[in-house]
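What follows is chain A paired twice: with chain B in the first complex and chain C in the second.
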Partner chain A sequence: MTVPARIWTVVRSLLIPAALLGTWELLSRGGAAATYAFVPLRQVATAARTALSNGELIGNLIASAEHACLGLVAGGLAGLLLGACLGASRICDRILGPLFHGLRQVPLLGLAPLIGLSFGNGAGAKLLVIALAAFYPVALATAGGVRNVERAHLELGRALTLDRRQVFRHILLPAAAPAIASGFLQALAFAWLATIGSELLFTASAGLGSFMQQAEANGRMEMVIVGITAIALVGLAMNGLVIRAVHWLLPWHAVEQK
Partner chain B sequence: MRAALQVRGVRKAYELHGRTLPVLADIDLDLEPGQFVSIVGASGCGKSTLLRLIAGLEGDYAGQIQIDGVPITGPGLERGIVFQDHRLLPWLTVADNVRIALLNRPITAEAAASLVREHLALVGLQGFETAYPHQLSGGMAQRAAIARALINDPKVLLLDEPFGALDALTRIRLQGELQRIWLRNRSAMLMVTHDVREAVYLSDLVIVMGGSPGRIVSRARVPLPHPRDRALAELREIEEEILSQLIGPADAPANPVVAATTAA
Partner chain C sequence: MSLTHSTAIGARTELRATAPDGVRAARGFAPGVERSLGWLAPLALLTLWVATTRHASDGTAHVMVSPREVLDAARELAGSGELAAHVRASMGRLAVGFAVGASLGLAYGLVAGAFPAIRSLFGSTFHAIRQVPSIAFIPMLVLMFGVEETFKIVIVAKSTFFPVALATADGVRGVPRSFLDVARAYRVRGLNLLRYILLPATVPPIVTGLRIALGRSWMVLVAAEILAAESGLGQMMERGRQMLRLDVVLVGVLFTGVAGLALEEGMRLVERRLQRWRRA
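Right, the complex of A and B next:
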């Protein structure tokens, strides 16, 4: 892409957000009530500067990102393991499949009371919620990816006298890798959502959810908006990172898509 | 001389809706070391099934299949196989696709690397080591598949319609390549094909199979030295003879499965 074309792409992607911001600013000038609902942008900017300079925003942001990553890794690995079993072994699918698909139907919020009762409402409960959020999409995607391996490739493995472990490592896993990657991308979005949700639900410790809850309690609408913006930006950044990681890990897949 | 491959009285049948459908009846076949043998026959005559039995990819047959005097018990590295589709793994580079055949060979990484290099050179793919399969043409992908099948220096190379998916010109070019590779490598070759001209051009012996159930109808020797000129008149004569056997009066459906399903 040429440089002007790239600039134009960026400008185009900013058009609608800019229009929304303009509308917001206009609405904020409609009297005291409107100023409370639609905080003037300048006030938001001042709040963002304050939160940034006193380290409050960054500290909470790092705490949240840490929770999300930890949950994503724990839940993702567990999902990978179960998904591989479900996809590769028919017996495993028969025994664990119904339980898995049944539990999957219960929304995470519906599990919150149960988790609160059995794990309290501290760090452990939070991590469990985030890990569960990441677990389901990765398990589903992995099972699907492993199940959809080409029979011809499995037959090649037999002709080359590969044993079960080698078939798994050299054929099943790479065949499922693109599906697993998109499972992880989805899991990331869910984990991030669950991170903020669990911070709002369970006892506050550091995190963007607590940051916003505190701002809400103090009637600091502008700080709430700073929090929301930070959540969106961190989510975008993590998404971008995972996409990069996928391209780096699966070069053949990235080239195939072009 | 002991046969590289010996097939004795091999019979196979499939069960279909509680009925037994014989696919192969009393197949006898010998392959001497370094010999090139082709099997031709109409679709459904069981020639691919026979090849898959020899490859160890299908079991449940009566009779004996021996490699170098040892009965086979499943797939083995002393038999290489080239499928009609190249079956390269899309997530591996060309070099890694060839190297994967060495996973169960107790050799060092350096020895493996030099074997891979040597065999890629043999099939004319040097310079494409780091390419991915989707970046190759069909002919190049099939060359890589041949390198993968030859890297374990098999006693018998099994080729299941190896050029069937290629365009006519690439097919002719690869037939020449296969002849050159075979003359250098001297594995015994057993090729299943539809293409009588291809079979006659490459083989020392062409086996003609007929259907319902699959059996060997005739064997035609091609007593001409290699490498051969495609345009030789003798080749045409043998080809015509085999074709007349294949297309001749026996116009019955070759495949009982197909016949049964179309009748139903």
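Right, the complex of A and C next:
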């Protein structure tokens, strides 16, 4: 691509955001009621600067990222375990599969009142929701990856008289790794959604969801917008990190960047 | 030829004999028995539930209720018409929001799929907004529209729009060039092109997008109802929680789950019908 063409590409992708921001700013000048819903951009910028400089934003952001990572690891490992069982053993799939697919249909955040009642409204409940969110996609992807392993590879393994551990380590795991990787990528998006959701639904503590909930209660639209922007940026950053990690762990497998 | 064939089969049977225990055991069952294995785990859970709640006292009613109490609560809620009203409220919001979001998503997806210029113009904005969890927009929408119906319909429409738009755009872009070339060679144009080439090629991925969108919107709607609503299954559960009525909460969980399952399976049915030709 030539340089002017590249500049044109950048300009073109910025046209719509610029138009949207312009419309927003125009709407914000339509009287007191409009200023409440469409806060002027200058006010948003000031709010962002304040929240950044007093450490409020960064603190909540780190807390949320911590919740998400913890839930992703806990739920992901559990999902890996169940998925491997479902994929490798047909009897396991027959017994646990229907229950797993049935429970999967219950909207996750709809479980919040139940979890709140049974496990309290605190950190444990949040972690459980986030872990569950990460659990389903990883289990599903792992089961699929293990199930779709090449028959010929398994037969080779048996011909070489590998024991079950060796079959798992040298055949099943490498074959299922790409599916597991995309499962984790999907799980990350769900875990992030569940993090924000659980912070909104459960008792306030540190976290971007609680930060926005408080801003909403105080009628501070500009702080809500700062929160949404931060959530978007953290989501993007985590997605990029996981894609990079997958490239590093599975260099032969190109993750579809969606 | 036939010799090598039979040796291959022989080798395979031998390998099968050394297959992991689970696989071999499952092969021994009759198909009917194998299918009924799926009831084992839910039955075991139910038995466990009954056993642990048999001697529960009143003091633990908010953490432990028996299946019978949940059934009684369901009967009571259904009898008073309360349950039906909540289901109707939730489904009404879902239907309106889904219809709005899906139509906009279809329209955008068709245009963006057909015209690269539109894609490069709106693409970055589209993907930037798409990757923000819908639920994060709830506080903003509440401030904009209040806690009434509008905000719930907008959030459902938002969570429907993006998967549908994405699936539609991908579907339109994915029409194989060779199909269009064949159509041109046979001078298939206009309505016939739409009827015999474009619709069959694009509808299946769009229906898949609609199914995914429906599942997500349902979850987001329930969450929105838990946060702020006068009615709906989410609100019923949230009020149950506040009054420490675990039985009511469980009835809610059951019904949101069944509703989610019904929506999903319904869409899958449509999907399978539209893809009948693939199996042939």
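By definition in this document, the second predicted complex is superposed on the first by the 239 of 258 C-alpha atoms of A that agree within 3 Å, B and C clash if a C-alpha of one lies under 4 Å from a C-alpha of the other, contacts with A are read in each partner's own complex, and residues count from 1 in each chain.
Going forward, contacts are C-beta pairs under 8 Å (C-beta built on N, C-alpha and C of every residue); 3 or more make two chains touch, one makes a residue touch a chain.
For clarity, every value in this text was computed on a predicted model and none was experimentally measured.
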{"item": "Which superposed partner A:Gln213 touches (first chain B, second chain C, both, neither)", "value": "second"}
{"item": "Partner chain(s) touched by A:Ser53 [first = chain B, second = chain C, both, neither]", "value": "neither"}
{"item": "Touching partner for A:Val224 - first (chain B), second (chain C), both, neither", "value": "second"}
{"item": "Chain A residues touched by each partner, larger count belonging to chain B or chain C", "value": "C"}
{"item": "Contacts of A:Thr23 with chain B and chain C, given as first, second, both or neither", "value": "neither"}
{"item": "Contacts of A:Glu155 with chain B and chain C, given as first, second, both or neither", "value": "both"}
{"item": "First (chain B), second (chain C), both or neither touched by A:Ala175", "value": "first"}
{"item": "Overlap of chain C and chain B interfaces on chain A (superposed complexes)", "value": "155, 158-159"}
{"item": "Touching residues on chain A, where the partner in the complex is chain C", "value": "9, 12-17, 20, 36-37, 88-92, 94-99, 102-103, 105-114, 116-118, 155, 158-159, 164, 189, 192-193, 196-197, 200-201, 209, 212-213, 215-216, 219, 221, 224-225, 227-228, 231-232, 235-236, 239"}
{"item": "Contacting residues of chain B [partner chain A, same complex]", "value": "55-57, 74-77, 81, 83, 85, 87, 89-92, 100-101, 103-104, 132, 134-135"}
{"item": "Parts of chain C lying in touch with chain A, wherever the complex brings them together", "value": "12, 15, 18, 20, 22-23, 25-27, 34-35, 37-42, 45, 62-63, 120-125, 128, 131-140, 142-144, 218-220, 222-223, 226-227, 233-234, 237-238, 240-241, 244, 246, 249-250, 252-253, 256-257, 260-261, 264"}
{"item": "Parts of chain A lying in touch with chain B, wherever the complex brings them together", "value": "152-153, 155-156, 158-163, 166, 170-171, 174-175, 177, 250-253, 255-256"}
